[in-house]
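Multiple structures follow.
One chain, chain A, appears in both complexes that follow, with chain B as partner in the first and chain C in the second.
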Partner chain A sequence: MPHSPAPAIQTTPVPGTLLDTRFHVETPEGIDLVMRPAGLLVRALAFAIDLAIRGLILGVGFFLLSLLGQLGMGLGAIMFFLVNWWYMVLFEVLNQGRSPGKQYMGLRVVHDDGTPIGWAASLTRNLLRFVDVLPFAYAFGILSCLYSGTFKRLGDLAAGSLVVYRDTALQRPPLVAAEPLRAPFPLSLNEQRALMGFSERQAELSAARRQELAAILAEPLQVPADQAEHQLNRIASGLRGPV
Partner chain B sequence: MKQSLFETRHQADWQRFTSLLDALERGKADRQASQTFAGEYRRLCHHLALAQERGYSSHLIDQLQLLAMRGHQQFYRHRSHLGAQIIAFVLGGFARLVREEWRTVLLATLMFFGSLILMGVLVYVFPDLIYSVMAPDQVSDMERMYDPEARRIGRSERDAGDDWMMFGYYIMNNIGISFQTFASGLLFGLGSLFFLLFNGLTIGAVAGHLTQVGYTETFWSFVIGHGAFELTGIVFSGAAGLKMGWALLAPGRFTRAEALRLAAGRAVQLVAGVILFLLIAAFIEAYWSSMTFTTPLVKYIVGAGLWTFVLSYFVFAGRGAHAPD
Partner chain C sequence: MRLTDASVAIRPRSNWEAIDLGVLLARQHLRLLFCSWLVITVPVFVLLTAVLWQFPSLSIFLFWLLKPAFDRLPLHVLSQALFGNVPSVKQAVKAWPRLLKPQLVKSLTWRRLSLTRSFDLPVMQLEGLNGEARSKRLVVLGQRSTGAATWLTVLGVHVESALVLGLSALFYLLLPQQMKTDWDWQSLINPQAGQWLWLEHLSNAGYVLVLAVWEPIYVACGFTLYLNRRTTLESWDIELTFRRLRQRLTGIAYVLVLGFAALLLQMPNAAWAADKPEPVGSCPIPFDDPVGPSKDRLLNQSLTSKAAQASIDKILDQPPFENRETVTRWRFGEDSKKAEKKKDSSSDSALVDGLKKLIEAWQGLKWVAVVVEVVLWGAVIALVALLIWRYREWLTIFTGRLSLPKRQKREVPSMLFGLDVAPESLPEDVASAVERLWAEQPREALGLLYRALLSRLLHDYHLPLKGSHTEGEVQQLVLNLEHNDLSRFTQVLTRHWQNLAYGHQAPPDSLKRGLCEGWRRLFQTGAQA
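What follows is the complex of A and B.
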């Protein structure tokens, strides 16, 4: 076997971690920002929307300018240049990383380190779009996007930029009122989180599924299987508030 | 500390921070209220770290994470003093950058001007060679454009509207070409090489042919002025593309992706300079080069002046001990 350096991206999941596409960035404040890179399909849709908008602008613009004769043709050429090369750059830098298409699809462009995109990176990624389009129908861009762990096209690789989902405000989940109870045995951090997650996500699960999940823990909790769910809720409530 | 106590104790902080974020994101933040932003952002990060460490529920953590993300976006948003940056770049930054990147700039210069001069001489000596580069009707179009009989160059009768049309056309065409020359450098530099050689050969062939058929005065007096900015602009966009390609071929101690990212960061600054140069070139080409009421001698003098200006800019500008900032 030839020696190969450690791969930068973990291809096999480490035991205990989940397989997910979330992208972690450590900030100077000592916390991890979590971003969710956007995949090929949603980006393609956003691009299609932008393409349609640009087509509309050019169509209307050329029609109006054609009334102006030679001057209009000159202005039309400048307008074509601006819309063709600068539409994305201007929107991304001046509108917090969102072109209209991205805004509609709930996306945003950021630097690799999570900071808002600037002029240089935005210009780079949008000029290099010329190569992503090659040899036909965005083939290079699509291949690069599918190959890269964070769905980057070539322009994103060179610019050090990332297209991520914009996070939307969270709704507080309804909690089941249950008499707080101290857990019968010490819980690890992950077990604590799992228990609280179970009680917070009640509304997303069917009654049968809740019962089934809770029954797995009936034995260590030393309760009959049909009471396990209530018991779990009580323990979660005990973890959250006073006992 | 239990989660419910933690939440009730800090809820007010988080709400205040949220409303501050709302104001900042809309760009309507009060100056006075924003002074505490850095402190509040740090406190929120602290709370998030605590919440994760103490195993609080994922809902609380997600909520704090969202706030931290929004805070991060506002705290680290780029303050672009765009005007000041552009002035510093024009006054010396661009010249310094070109001198620092002299290797790729030299290579691109040799490629472009080498092929241009070679082709020009060849076409001058062997006139038929022009037809291996251009189609016959293109050649006759070109001859008509520079025919000394025509009163104004480019079109027979031009008014202000014509100048506008050509200005727009030059911007769209030339800057578009330079963008392509730059971007295709990502293909291991091959694209940039192609565009440099292709443009060099074409322009060389045109120059050689028109000189050979005797349209010397109309052609050279037309191109010398804006050529100073246009030809150097094409060379620099090629150099920017070659820089990216070279980073991919020989990344040195970096990974290829990292080398590409670093090279592209500098290359795009070159491109910014190219945009500026080509805007100037388009302006000169549309409004000065096409004028016919000046004598060719004036055109040559002004053209020589522009070339001297461009060359001395890249040799001398930005060499002060400390650039004004």
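What follows is the complex of A and C.
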């Protein structure tokens, strides 16, 4: 049976009326890009990791350079300057917006429109870090981050940059084998996704909960409640098409 | 609880994203949470301060200990608001005493130091579980969220301290200078001096203020973390979509059945429009509505034309049909505030001091340092030179524009009509020379006079005379000077000079005196005086 998805019907409410952590950017071609801005806590953790790494570099560096006398002092000053002012900038621009801390926490820095961060924006946001630190211990940065809808600190506001979660590669979910069935009614994209999700997330759900969920659709499917789960799996299999 | 009423987008998120959603949720109800929190905490704080005036640390410790009791109010507000039932400040505060009853002592004692406090709170307060059931539930829920909930509390402590420190620093920065110099830090530290109690209480009040901002967010983050865990555990998002799908499908069926029944009922009534009054025109346009397009129609069904129009207008008022934009710009105010001075980072000097000691211990590599210094300076100079060389054209253009525009030097001709008009070629006393020459060589005499006039016009009156000017044009230029005597003199002299030069008509002798007197009056009065 050839796989022919039903025409999509938009029944879900307009995105944006509900509170959500997603941030939509529409490209000139009319493509909706979805980004997920990262909030204060995960960013604070990433910063703490970076801070520790920088502390380690400086500590080890100064210890080694202290053996070199005056030359070591000069090189130490240069190293301090580089680590203090260029660590974030160099990593962000040359490593796809990821400093080691951000990389570990699954974050990256992009421009507001989702393009990769450039020199100007990266320098701005990292030089203006000193405004965020004011009056002490990042107080302004914290407040700005909490109050801004896309979790921007003041440096981000000035530079037009955004810290987002990186998209991870999708894993192929385990699927329930069932004979494909064409849905007896047209389904919107969202509803198709929910049906697939029901089939894909079987492992996370208890049997009773699966029954309960499937029973919701028993009446429109015109099957008894105990057969609804199997019926839904078959429809999901039909939506997926031949593997 | 009805999932379809939820005011947040329900879908499985990562734990960090769930915490971010909590921040957004708290931000949405910022005013409500802030006000209700202050209403319940400020009286408690004032009471504690008044009772324990001598022991500010104890009073703030007790306040800190009571935090779980206060936390129940934001959770109550948020759980109501999540399903669209936002309470007012008054309603929320009234509900608080009722929320306090269950398990208060446990919350304030051995559960006080729990690192997953805000994540556990909904299980107790919203699910109403206690004892064994609660622990089991927490084990199930905590499988994947305990780590994030712990980080939330740990980072929350740091955020709290950072905000308190920031507030204190801001307070200190805003103090007037003369007040700061009066402060004796010895007496500030000395515990015997009791006059600084108010300062400690002030910093306690700062902590209360910081908590009013942060604690509702902390509770909201724990709440959304809990919601997210239940969403993944029970597939709330799938349930939500299934319910909507069912509503749509069964709803359509009902509408079809009803519509068909209504059609059947209406069929026998053949003449729907027969009793409507005919419009005046004998031949009405078929599609023209007799009652006009703006009147209400379709009044006998659930979706009237008015409701439809309202819904159409609503949709047309949203993107992509209507894109509203608020533009906010900065502009200069009445008085520009001075920017706060940046703190000097003192770590540099400490570093230098530490390293200076090392130099004294190690002098062997000194020459290497000198070499490196020379190399570095050389690199800087080379870089500057390279930049200048690279942008030399741009620099020349730029500096060319920068320099002052040169004053155009006026070129004064030395010959006009073949006459030498340089002042050096003229005799000292022109009038006497003319008088002397007049008898024998009238042509030379008149020529000298005219030459002298042109020379004076050029150098004394700065008339822009050029070699291409004719006598008539010179006369016109003199007229423009609006100097009556001079123009009359020029007129007479020019006429006679032209007569003599081109017409060979000798000037009358009577003219000699008039012209010489005129010359003396015009040009030699200053010299004689």
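The rule is simple: the second predicted complex is superposed on the first by the 216 of 243 C-alpha atoms of A that agree within 3 Å, B and C clash if a C-alpha of one lies under 4 Å from a C-alpha of the other, contacts with A are read in each partner's own complex, and residues count from 1 in each chain.
The criterion applied here is as follows: a residue touches a chain if its C-beta (ideal position, glycine included) is under 8 Å from a C-beta of that chain, and two chains touch if they have at least 3 such contacts.
Predicted model only: the values in this text are computed from it and were never measured.
Peer 1: Please determine, from the superposition on chain A, whether chain B and chain C clash or fit.
Peer 2: Here chain B and chain C cannot both sit on chain A without a clash.
Peer 1: Classify the contacts of A:Met73 with the two partner chains as first (chain B alone), second (chain C alone), both, or neither.
Peer 2: Both chain B and chain C are touched by A:Met73.
Peer 1: Which of the two partners, first being chain B and second being chain C, lies in contact with A:Gly197: first, second, both, or neither?
Peer 2: A:Gly197 contacts both chain B and chain C.
Peer 1: After superposition on the shared chain, which partner residues are touched by A:Leu239: those of chain B (first), chain C (second), both, or neither?
Peer 2: First partner only, chain B.
Peer 1: Once chain A of both complexes is superposed, is A:Phe130 in touch with chain B (first), chain C (second), both, or neither?
Peer 2: A:Phe130 contacts both chain B and chain C.
Peer 1: With both complexes overlaid on chain A, does A:Gly160 touch chain B (first), chain C (second), both or neither?
Peer 2: In the superposition, A:Gly160 contacts chain B only.
Peer 1: So chain A touches chain B in one structure and chain C in the other; where do those two contact lists coincide?
Peer 2: Shared contact residues on chain A (touching chain B in one complex, chain C in the other): 69-71, 73-77, 80, 130, 134, 190, 193, 197.
Peer 1: Which positions of chain B touch chain A when the two form their complex?
Peer 2: Residue list for chain B touching chain A: 2-5, 25, 41-42, 45, 48-49, 55-59, 62-63, 65-66, 68-69, 72-73, 76-78, 80, 82, 159-169, 171-172, 175-176, 179-180, 182-184, 186-187, 191, 244, 255, 257, 260-261, 264-265, 267-269, 271-272.
Peer 1: For a test of understanding, state which residues of chain A touch chain C in their complex under the given definition.
Peer 2: These residues of chain A touch chain C: 11-12, 14-15, 18-22, 36-42, 44-45, 62, 66-77, 80, 105, 130, 134-140, 142-143, 146-147, 149, 151, 165, 185, 187, 190-191, 193-194, 197-198, 201, 204-205, 209, 213, 216-217, 219-220.
Peer 1: Sort out for me which residues of chain C touch chain A in the complex.
Peer 2: Those residues of chain C that touch chain A are 6-9, 13-14, 16-17, 19-21, 23-25, 27-28, 151-152, 155, 158-159, 161-163, 165-170, 173, 213, 217, 221, 232-235, 237-239, 241-246, 248-250, 318, 340, 342, 348, 351-352, 355-356, 358-359, 361-366, 368-369, 372-373, 376.
Peer 1: Of all residues in chain A, which touch chain B in the complex?
Peer 2: So the residues of chain A in touch with chain B come to 8, 27, 29-31, 33-35, 69-71, 73-78, 80-81, 84-85, 93, 96, 110, 114-116, 118-120, 123-124, 127-131, 134, 154, 157-160, 167, 169-170, 172-173, 189-190, 192-193, 196-197, 200, 236, 239-242.
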